[in-house]
Structure formats: C-alpha cells, structure tokens
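Each of the next two complexes has chain A plus one more chain, namely chain B in the first and chain C in the second.
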Partner chain A sequence: MIKVALAGQPNCGKSTIFNLISGIKQHIANYPGVTVEKKSGVFSHKETKIEVVDLPGTYSFSSYSLEERVAKEFILDENPDVIVNIVDASNIKRNLYLTFQLLEIGKPVVVVLNMMDVAKRRGMEINVERIASMLSCPVVAASGAKGEGKEAIVEAILQAKNAPYNEFKINYEELEPTIKEVEALLEEDTLQVSKRWVAIKALEGDSVILEKISHLNTTIKEKRLAFHNTHDKDAESFLAALRYDSADVIYHQSVSEKQLGKKTVTDVADSIVLNRWLSFPILFLIIFLIYQSSIVYGYKLTDYTWPILAAFKNFIIAISPAPDFTQVPMITDFAIWMVNSANALLNYIPIFLILFALIAILEDVGYMPRMAFILDRIFKKFGLHGQSTLPLVLGGAFVGGCAVPGVMATKGIADERARMATILSVPYMNCLAKVPFYTLLLGAFFEAQMALMMFFISTVTLFIALIVARLLTSTVLKTRETSPFVMELPPYHLPTLKGVVFRAIERVWMYIKKVGTIVLAVAIVLFAMLELPGLSKEQASSYEQRSQALLDAFYQQTANTSYGERLNTREHVAELLNVYDDYRARRMIATPDQAEKIDATFEANHPFYFTFVRPPADNAEARAINRHLRNLSRDRRGILQEIKNTKIENSLLGHIGRSLEPITQFAGFDWKINVAFLSSFAARESAVATLGSIYENNAADNLRAEEAMAQNSGYTPLHAAAIIIFMILTPPCIATMIVVKLQTGSYRWMLFAIFFPITLGLIVSSVLFTLGNQFGWSGVEAFALFYGLVVAITLFVGSLPQKRINWSGGLVKINLNQEEK
Partner chain B sequence: MNLDELESGSLCKIVKIHANDALKYKLLDMGFVAGAQISVVREAPLYDPMELRIHNYLLSLRKSEAQLVEVERL
Partner chain C sequence: MKKVIVASLLAASSLLAHSALMSCFDNGDGTVTCEGGFSDGSSASGTNFFVRQGGNVLITGRMDQHSEFTFKKPEGAFEAVFDAGEGHQVVIQGKDIAQ
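Entry: the complex of A and B
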C-alpha cells in the first residue's frame, strides 16, 4: 500500500483534488488530541492500494499554528511514502514557499499545479516542464474544479514511490556552514527524514523538531545566536527571505503573465463588496437571505416533511401493544417518547440541509474572510473574530435560529481563542425551539406587552453572547492560543455543485450520526427518570375506579341500542376507542386523497367499529354512539393526563425538581418549572409539552395552555420574567452540547458549556426576582431593567481600551528569541 | 515609517519587521520579507483592518499589527 500525504496552502483547491482522486470512500476523524479534521480515503489503482491523507492547509511548515504542527507531526510520525503538494497555479510564488519546505523533507514529492484553468483565464502562461526541472521533481498540471488531472496525478504518485529521490537544495548562502554543522551533530536515523531539513527547521526555531532533538537544544541556541551576531539577521527571517527570492526566480523563469496590472474580476467585485458604503448593506442582505431561506423557508419545508415523521410515529404506535382503556403499557409509552425525541431532531433536517449548502457556497466563493474583514473591528472588541458573524447569526439572530449549525460553522475561524469563544457564546443566541415556550409564557402573563417582550427577548440574546465572549476570553480562555489576524482574501471562485452538495450531506449525516445517537441515549435516561417509580397502589386503584365509572356510563348509554350487547365489555370498548383515536390521528395529517384511502382501509379492517367511528348519516343510533364515543375519548385523555402528572410528581425527576426548590425558590421557580427545564434538555420543544401537561389539570375544561397556566400556576408576571430570563441563559439542548464537544474536542468544555450558563441564569434570575419582589416591580419593568443593564454592559465592555496582544502567549514552545534581545 | 500610516493606493517596500514570535513567523510565511513590495488596497469600512497586496495576492492585516512593519514609500 502506498501512503500519500496531501499538502498545500489554504485556498489552493486541495479538497477538490482530494475528492477527485480518492473518490467517495472517505473517512473523517480528528488528528489525535486536537480538533483538526483528518480526512483520508483509500482507493486502488492497477492493483496497488493507495491511501490518501488530507493534511490541514498551511502556508508554511513551521510550528506556529496548530494546523502546521499537526501536518508536520503526521509527516514525522506516520512516515508517508509520497507527499503530494497542491499548488495554486494562479498564485505560484507564495505557494512555492511551502513547496520548498516540503522538498527539503527528503521524501518523494509530486507537485500538482491546480487551477490551471483559472491561471489561463488570467492570462498566465506556465511552463510546466521548466518548473519540474528547476524543482527536480514531477509536476502535474490539473484543474480540480473541472475534474481534470486525476489519471496523471495517480500515475505520478506510483512513479514517485519507486523513483530514487532527487535531492532538492536551496542555497542558503551565509547560513550554509551553520546548517552543515548542525547536520553533523545529528545522529544517523534519528528520524526518517532528511538531516538537512531537520537542521534547517531546528535553526528556524521549530518547536516540533526541537522537541525531537531536545539534547541539542542548547547548541542550536548558541549557533542561532552566533549567526545573529555575525550577520545581524535572525535565521528565520533570513531563511524566509531566501525562499521568497528562490520562488521569485522560478516564477520569472517559468511564468509569463500577459495581463499583469489589469483589474481582475476579484478586484472589481471587491471594490463593490468591500466598499465603505456598500459593504454593510450587502453583508446584511446576504445574512438576511441565508436566514430567510434556511430558517424561514426551511421551516416551511418542515410542513411537508413533518407528515412523514408523523406517519412514522403512527406506524410505531400501531405496532406497539394497544392501550387497554386507561392502562397504557410502559413499552408503548416508551416507544412514543423515543419517536417524539427522534422526530424533534429529524424535523430540523430540511433546515440544516439548506443551511449547510449555503454555508458551503459562501466558503467556496470566498466571502467568509471578507465578512471577517468588514466586521473584525466590532468583534475583536469582544474577543471574537470577524468570522464569528455567521455562527452567531445561525445561532439565532432575529427571531430564532439553531445553535447546532451555528457551532458547526465555527470550524473555519482561524484564531483558536476566538473560535472557542464563539463556540461557547453561540448557545446563548435565540434558539428556535425556545420560542414556543416564550410564546406560552408571554401569552399567559404578558398578553398586552407581547410584542415589546418578544423584541426584548430576541435582541437581548446577541448582547448576552457578546458579553459572555468577552468575559470568557479575558478569563478562562485567556491563555488559549490566539493567532494574529493575518488573513488571506482569496480570489472569488464559482462553487461546484458537487462540492456543495457533498459537504452539505456530509455535515447533515454527521449531525444525524453523532448527535442522534447521544440524544436518544439521553432520552432513554430521561424517560426512566420521568416514569419511575410510577403510581402508588392507592393512586392506581383510584384511577382504575374512575376509569371503570366512565366505562359503566358508556355501557349504559349503549345498552338500549341494537349494538348494546357487542359494546358491553371493556375489551371491546377499549378496542373501539383505539380504532377511533387511531383513525382521527391519521385523518388529521392526511390529504383529501389519502383520507379516502384511510376510510377504505379502516372500513375493511374494522367493519363493525367503523360504523361508530364514521357513522352513516341515516343511522341515528350509530351517530349517538359516535357522540358518546367522542366524550369517552376525551374523558380518557383527561384521566391519562392526570396519571401522567401524578407519575411526574412521583418520579425521580419530580423529586429532583423538588429537591432543587430550596435553590431555585430565589428565582421564583417551583418544582414544576424545574422539572420542565430538566426534562426539556433533550429537546427544548418538550418544555412546552411538559409545562402544558403539568398545568392542564383536567383536559375536560378545554382551557388553552396559556389560560390554564395563568389560572392554575399561581405565578405573577414577575415569576414569568424570571423564568424567561433563565430560559434565555440556559443552553439550548443536549444536541448543541454534543456539537460543542465535537468542536472543542473535550468533555470538560462541554460540561462548562452546560453548567456555566445554568449558574449564570440562576444567579441573574434570582437577583432580579428577589429585587423585583422587594421593590414591587412588574414583570415588564423587571425585564426592561434587565434589558437596559445588558445593553449598558455591552456598550461599556465594547468601549474598554484594547490591550496590545502579546504574541508570545498560547502555544507551548521553546523560546529562542528571548536570548537574542 | 510604519505600514499602518500609509493611505489606500500607496506603494511601499518592507524595510524591517519589528514583530516577535507568532506574529513574526506568520508575517514571514506570508511573504513579509525585507525588500518585498506592498500596495495598500483599501481600509475596511470601519477603518481597521487594512487590505494589502503583496506578492500579487490579497491579504488583510489589523493596523495594530501593521504598525510593527517598517516600510519605505515607493
């Protein structure tokens, strides 16, 4: 098997080439210990197996960024047979800077001149053979976006593996004697790479290499110092300058540019997109369009996908053991609970698919770094990066978003500290699934001021996210690696359909696979905690008596009809009721066409019961029974609801909710609210369902959930304000937390992302509730005060002077520069 | 003079990099070597960072960092 490492600078089209040569059988994992993604693919060519590993895109091969360390460690530790270096043909000079460093490693290198089509369009003529002879390695011309070059690349890999390695040397002039000295110090076969390369890297102060030869570190330090003293230059600047000079030589000898100095498409586009007056309107328009087409239209799309999920649910109910009147088997309850949890997640897939596709387009086009360029000045004040914009918007600017894609979109942020801060602040944005919960509380307690409160809720979240980001970057994230804002603005490219679709599906699949499994596991735990220990004996028998009374009444109502004797056992009535409820559930989600089919199926399967489920117009008796049936069904639901409530009260979660009351009472939360918060951690949607079911004490009174809550809870609007504030601050759901784990690469950060907001939320809502009680604030007053405070803090934090960043912080490294000063 | 003092449209040559550590390495890798030509393309809409053209590609740099690049006007 041939092991191939794919290296190249960012924006050189490396992933396109990767997809081109490795096909669809890809494996995505992380490099050990870090969140840098490692993609690999295996394919066969002429009976030779070839494994391609996609190294992270790096401008250089030094050790100052995480990606560079990861790439270099891979080469040193995994010892690939061939290095394939992808070079952007339209930007040869800077790309060669990396090529030289790869050639020095001492492994066979194949250079792929990618984006030949772009180079041609820009009027560049490239002499490929000339470059090959100057670099003394095979050079292949390709155009990944057009699918050209696959065969040639694979052929070159096979040949390079067997061909002898041609040493490539740049003459480093004054540094050469020092390089030779260091080379002589290195023992044989310490590393499976060129000794010259190790010597050069060590003199550059490369920490990965220095760690490998730690016994020589003092000598190397002395040699660096000596060079600095004799030549008044430090080794790394000297090497960089020589590499750029060499790149310049190759460039001038092999490339002729006919349109140099002419405006390119990118120049023209930038003069509009980055224009002082147009940039913001364009940015807002793009953000608005993304938001509109994913969150808003995507949500509408769920109207069409929901029936599929509902049908799935009906199917599961149908194959689960049928309830015996008010005795529902636990397995059935469990099945329904699991389906509901799964559906809550799957329901978002249309939104995610659109969203991920749009993000992929923005990435490919090259707009992301431009967005960062426009907004960096604002975001850097809060410790974030210009590239934090999109994650925050997706997390829920405007009326609601979803933190899952928001956190996933943080991937491209170049600055590690800002990326962490973004990951940890996105969950504060307004989660779409929290909106029904707000609506319920607003409807119950703030009917008159609903619009104002909704405005407060949806705008305060961004301010909170910014404050939290600033707080974290100046405390727990203070020592995190941060990188300078030296960001390339790559030329605009048209995205390829294949690439966009591929990535969108890949990301959705990851969501289903990684998030889905864990959410379902949590759902099982929650189910057990809500269900156990269940009803006490007395409670069970009391409910049973009431059920029996309902049944007896129904027997009486039907006794005098001609159907009486067939509807006088519990077994039959329960069956009839199940058919009745099943029919109604199915009809609810059916189109008129399907409705007829459902009618026909039911009539065929249950000819007798169907008479009462859908009584013929001329059968007065059946119609009367249908009426009674409807009442019976409603009363049964009432009892089931009560049983559910009693179970929740008895349950483990109920007990936990109660035991938290001593703490949460300061925020005005009773155990019911606690249970609602706890149980909705799998998916926020269920908060409404839980609260609704706790407060709808008897379904027979037909109150809307809002009314029931306003009447039965004993809460004041101040309570509601405290609850809303807590909900705003708490993390959206377990799915988000899993994604946080994936993106930060650590469970500790995930736990932090769970408990820090909860603590913060509890403190803030407690303070507000206690003060509000003391001074007799109304709910709106308390909330307005909270809002004002948050805005004031944001403005204050934003106006704080910026400290000059000390670029020595962050990465553990062996510092050689200190001695030189 | 330093790079951050230049207005859009001006052309200059790098004299010396005064940055240290991560920033220095990053700048070197991106081609900020003595003698390299830089043209200032524009400032960001909020006046910071600035967009530069160096070795015929585009790059953005915060002014706080551009301040550490000593240049000579061409």
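Entry: the complex of A and C
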C-alpha cells in the first residue's frame, strides 16, 4: 500500500485532482481533535493499493493557521510515502512557495501542474521538463477540470515511491551556517523526515516542529536571536524572501507569457462584479437567488420528500406495540418521539442539497472571496467577516430562514473569531418555525397592529445579531485568533458538474451522519425529561375511569346492532380504533390513486373492522357505528392530549418550568409559559399546540387558540410583547444547537449558545415588562421602544473602532494576473 | 415604499416551513368531515376552512381543536378548501370525497 498526501494552495484545483485520481470511494472524517475535514480515498492501480489523503489547502507550510498545523502534523505523524503537490499552472510563481517547503521535507514529491488549459488560454508556455530538472522531482502536466492527467499522475506516484529521494536544496545564504549547526544537534533524532527541513522549520519558530524537539527549544531560541542580532533580520522573513526569489528564478526560466498586459476575462468580470456601484446590487441579487432556490424551492421540494418520511413514521408506528385505547406503551411513545426527531432533521435534506450545490458553484466560480471582499467593510465593525454574509442570510436576514443551514454555512469562514461570532449570532436571525408562534400571539393581542409588529419582529433580528456579534467579539471571543491572511481573489473558473454534485452530496451525507448520531442522543435525554416520572397513581386511575366510561358508552351504542357481540371488549375496540387511526393517517398523505390502493389493502387485512372504518352506503348500522367510532377516536385523542399535558406538568421539564417561575415572573411568564418555551425548544412544532392546549378551557367551545388565549390567560398585550421579545432572543431549536456543537467542536460552546441567549432574553424582557408595568406602556409602545433601542445600539456599536488581533492590514486585493510586472 | 416592505413581510410570514394537508370523508349521514394538518405535525386547529360552490362560499369556519371541520353536504358539485394562507391552500373536490 502506498500512502499519498495531497498538498496544495487554496484554489489550485486540489479537490478536482483528488476526485480525478481516487474516484468515488471516498472517506470523510475530521482530523483528530479539530474540525478540519480529512478526506481520503483508496484505489488500486496495477495490483498496488494507493491511499490518497487530501491535506487542507495551505499557502505555506508554517504553523500560522489550523490547516497548516494539521497538514504538517499529518506528514510528521503518519509518514506518507509520497507527497503530491498540486500547482496551479496559471499561477506558478505563487504556488512554488509551498512546493519548495514540501521538497525540503525529504519525502519523494510529485508536482502536478494543474489547470494547464487555463494557462494555455492565458497564453502561457510552460517548459515542464525544465521545471522538473530545476526542482529535481517528477512534474506532471494535468487538467483536473477536463479530466486529463490521471494516468500520468498515478504512474508518477508509483515510480516516485521506488525512486531514491533527490535532495532539493535552496541556498539560504547567511542562514546556512546556523541551519548546519541545528542539523548537527538533531543527530540523535528519529523523525522520519529530512533533518535539514526540521532545522529550517525550527529556526522559523514553527510551533509543531518545536513541540517535537522540545529538548532543543532553548538552544534554537538563542540561535534565532543570534541570527537576528548579527544580520538584523528575522529568520522567518529572511527565509520567505529567499523562497520568493527562488520561485521567481524558476518562473523566468521555464515560463514565457505571450499575452502579458492583456485584460483577462477575470479582469473584465471583476470590473463589473467589484464595481463601486454595481457590487452591492449584484451581491443582493445573488444572495436573493440562493435564498429563493434553497429555502423557498427547497421547502417546496419537501412537499415531495415529506411523504417518504411520513411513510417511514407510519411504518415505525405499525411495528411498535399497538396502544390499548388510552394506554400507550412507553416504547411506542418513545419510537414515535425518536422518528419525529429524526424526521425533523431529515426534512432539511432537499434544502441542503440545493444549498450545498449552490455554495459549491459559488466556491468553484470564485465568487465567495469576492462577496467577502465587498461586505467585509460593514461586518468588520461588528467583529464579523465578509464571509459571514451567507450564513446570516440563510439564517433569515430577509424574511425568515433556518439557522441550521445558516450555521452549517459558517464552515468556510477563515477568520476564527469571526467564524465563532457568526455561529453564535446566526441563531438570532428570524427562524421560519418561530413565525406561527408570533402569528398566534399577534393574532391574540395585536390584531390591529399586526403589520407593524411583524415588521418590527422581522427586522429587529439582524440588528440583534450584529450587536451580539460585537458584544461577543469584544468579550468572550476577544482572545480568539483572527487570521493573518490576505484575501485572495482567484481567477474565475467554470464549475464542473461532477465536482458540484460530488461536494453537495458529500456534505449532505456528513450532515446526516453527524447530526443523526447527536440528535438521537439528545432526543433520548429530552424524552426522559418530558416523560418521567409520568402520571401519579390518582391521575392514572382518573384517566382510566374516563377512558372506561367512553368505552362503556361505545359498547352501549353498539350493543343493539348485529355487530354488538364482536365490539364489546376493550381489546376489540382498541384494535378497531388503531385500524381506524392508522387508516386516517395513511389517507392523509395519499393522492387519490394511492387512496384507492390503501382502501383495498385495509379491506383485505381487516375485513371486519373496515366495515366501520369505511361503511358501505347501504349498511345503516355500520354507518351509525362509524359515527360513534369517529366520536370515540376524537374523545380518545382528547384524553391522550390531556395525559400528555399532565405528564409535561409532572415531568422534570415541568418542574424546571415551575422552579423558574420566581425568576421569570419579572418578565411576566408564569410556569405554563415556561413549560411551553421549554418543550417548544425540544420540539418546535409543539410550541403553538402546547400553548393552545394549556389555555384551552373546555372541549365544547370552538374558540381559536388565539381567542382562547386572549380570554383565558389573563395576559395583557404587555405580557405578549415580553413573550415575543424572549422568543426572538431564544435559540430556535435543538437541531440548531446540535449544528452549533458540530461547527464549534465543543459542547461548552453549545451550552453557551443555549444559555447566553436565554439569559439575555430573560433580562431584556424582564426589564421591559417591569418598566412597562411601572409606566403603563401598552404592548406596542413597549415593543417600539425596544426596537428603537436596538437600532440605536447597533448604530452606536457600529461606529466604535475595533481592532483585529494578529491582523494589522485591511483587505488587499491581489490581482493575480498582473503580479509579474 | 414602506407599505411594500410591510406587505412583502406579511406575505413571507405565511411562508411557513411546512405544507398543508387535508383529507375529507363522507360520513354517510349527509355530513362530511374534513381533517386538516401540516407536514411537520403542527395542529391545524384554528385554521380557516370553507366550502364553495361555483363562485359562492356556502359555509365558512375554522378547524376545531382536533383540526376537524364537519359540515352538511351541499347538493351538487362543491369544493372543500383548507385555507392556511397564501400558497398553503388545499382544495378537495366534492366528487373525490369517498363514501
């Protein structure tokens, strides 16, 4: 087996080459302990197994960024046989900077000149043999996007594995004596790489290498200092300068450009896309299109995928133990709960497929860094990054979105502090699933001012997210690194269909795999918190009595019919009800054609019961029983709902809700609201239902949930305003928190993302509610005040200066096509 | 301008993260019961429901707490409409409601 490490700078087409040579059998994991993706693939060539590991894209091979550390640690710890260095042929000079460092490692290196087609189009003539002889390593010309070069690359890998390593040396002039001294010190060292490379890296102050040779750290420190004192130069910048010079030498000896000075397509496109007046409209158009296609059309697609999930749920219900009238086995409850939790997440898949495909296209095209470039000026003021745009939009910047894809989209943000700030502020955006909740409260308490309130709610969220981002970046995230990178605007590329589809599916699969496992764990804990300790003995027997009364009434209603004898035991009636409910659940998601099939299946499986589920027109008795059955089913559902509410009241979560009352009373929340909030966080679709059922008085009247709430709760619009503000500030759902865990890589940040907003929400709504009571504000007045305050704070905070740690420069646009004067 | 923003926000607010569902059954006693719901399991309780014939709305009301609405079956062709807002209407033809 040959172990191959694939290294290259960002935008060199590394993933295309990776896909080209390793085929579809890929494995994605994380590098141990960090959230950097590790892709690997195994394939066979001429009976030799070859494993390819895709290292993260890095500009150099120092330890400035997490990616660089990870890449270097892989080389040191996993000892690959061959390093394949992908080089953007249209950008040779800059790419060689990394190549030199790879050649020095002391492992066989194969250089792949990728994007030869692009170079050719630009009028560059590259002398591949000349480069090979100057670097003294094999050089292969390829074009990943066109699928050219696979054979040659694989051949070169096989040969490189067996060929002796040709030492590659750059003459580091004044530093050479020091390098030799350090090398001599390493005599006893067992690192499986070139000693010269270790010496050079150590002199550069590379933290990964220094960790490996910690016994020499003081000596090396002295040598670095000595070099600095003698030559008045830092070793690292001295080395960098020599590498750039060497790259320049190779470039001039092997490349000739014919169209120098001519405007490239990229230049022309950039003059439009980055135009002072056009950049924002174009950006908004693109964001709008992404939003429209992924969130809006994605949701439309779920209309087609949802029945599959519903069928899955029906299947699970069918194989779980059947309920005995109002006695539902806990295992059945549990199974349904788990399926609901899983389905809630799986329902996002169509949205993610579209979203990830579009993001892959934008990445391939090269628009992502340009977007960041355009918006960075504004976001910088709030500690965010230009690249925060997309996550915030997906989270619901326009009209309502979803925090789950929003948080997922933070992955590409290079600036660590801004990435964390984005992850933690996206959940404040306007989540679509919160909207029914707002509608309920607005309908109950603000019917006249609904439009105004909706406008407030929709727009206040972005301001809040910005303030929170700024707050976090100047406090808890203050010491987080901001990356010392220069924004690169690579030439535009045409995306390949294969690459886009590949990456979209790959990311969705990862989402399913990771979120799936965590969500199931969290769902189990929540189930226990909602379910235990369950009903008390008295409550259980009281419900049982009511159930029995319903059954007795049903027996009586059917006693005088010719079916009476077969419908007078609990067992039979329970079974009949289960068939009836199952039938209705299936009919609900069926198209007219499927409906007929369902009828036929049920009739075949339950010929006797089906008579009452769907009574024949000429059978008056069956019709009457059907009517009674319908009522019985309704009453049963009523009791089940009551049992559920009682269980919630008794549950751990219910107790937490009660115990929070002393604190939440300042915001005007009683324990019922607390429980509704707590359980809605567990399963958001129940938010409205929980509140509705808590405030329902009796089954008899036909009040809407809104009306019932307005009449029965004793709340004022001020209460409602406080509740809405709290809802705006609280995290949308468990799924969001789980992706927060995924993206931050820690449960502590997840807990922070849960409790910080809740505390903030509680404080804000308490202050508003208490002051509002004091001064007799109406709900709308209180909310308008809140809105005004938030906008004012945003403007104020935005005007404060904020500095970026480790990064003194602003954004610099490097025009890659004109770097050779 | 402001009106446009408010209007578009309102339109968007009905763009919920689920799709509306409804099934209707003829009870055989001259009444029809329609049950509404949403794909994510949300209750349809309180959602608008009406029955129309030609251009006339014959019966109008809201889904009860069990997400159901029962009405007297009109003579002739009719449509039962579950109206959960823009883009979330489910229409079932009277003739498709099985006995």
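As a working rule, the second predicted complex is superposed on the first by the 694 of 821 C-alpha atoms of A that agree within 3 Å, B and C clash if a C-alpha of one lies under 4 Å from a C-alpha of the other, contacts with A are read in each partner's own complex, and residues count from 1 in each chain.
Operating definition for what follows: a contact is a pair of C-beta atoms (placed from the backbone, for glycine too) under 8 Å apart; a residue touches a chain by one contact, two chains touch by 3 or more.
Keep in mind it's a predicted model, so treat the numbers as computed, not measured.
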Partner chain in contact with A:Val435 - chain B first, chain C second, else both or neither: second
Which superposed partner A:Ser237 touches (first chain B, second chain C, both, neither): first
Which superposed partner A:Ala617 touches (first chain B, second chain C, both, neither): second
Touched partner set for A:Tyr97, first chain B, second chain C, both or neither: first
Chain B versus chain C as contact partner of A:Ser62, first or second or both or neither: first
Partner chain(s) touched by A:Gly499 [first = chain B, second = chain C, both, neither]: neither
Touched partner set for A:Gly657, first chain B, second chain C, both or neither: neither
First (chain B), second (chain C), both or neither touched by A:Ala344: second
Which superposed partner A:Leu274 touches (first chain B, second chain C, both, neither): first
Contacts on chain A seen with chain B and repeated with chain C across the two complexes: none
Touch list for chain A against partner chain C, complex: 296, 299, 302-303, 306, 310, 340, 344, 347, 398-400, 402, 432-433, 435-436, 438-439, 450-452, 454-455, 458, 584, 587-590, 592, 595, 599, 614-615, 617, 623, 626-627, 630, 634, 637-638, 685, 688-689, 692-693, 696, 699, 702, 704-706
Complex contact set, residues of chain A against chain B: 59-60, 62, 64-65, 91, 93-94, 97, 236-237, 240-241, 244, 266, 270, 274-277, 279-280, 369, 372-378, 380, 483-491, 802, 804-805, 807-808, 810-811, 815, 817
Touching residues on chain C, where the partner in the complex is chain A: 5-6, 8-10, 12-13, 15-19, 21-23, 27-29, 33, 35, 37-43, 45-46, 61-62, 64-66, 68, 96, 98-99
Sites on chain B touched by chain A in the complex: 17, 19-31, 33-36, 41-49, 51, 55-62, 64-65
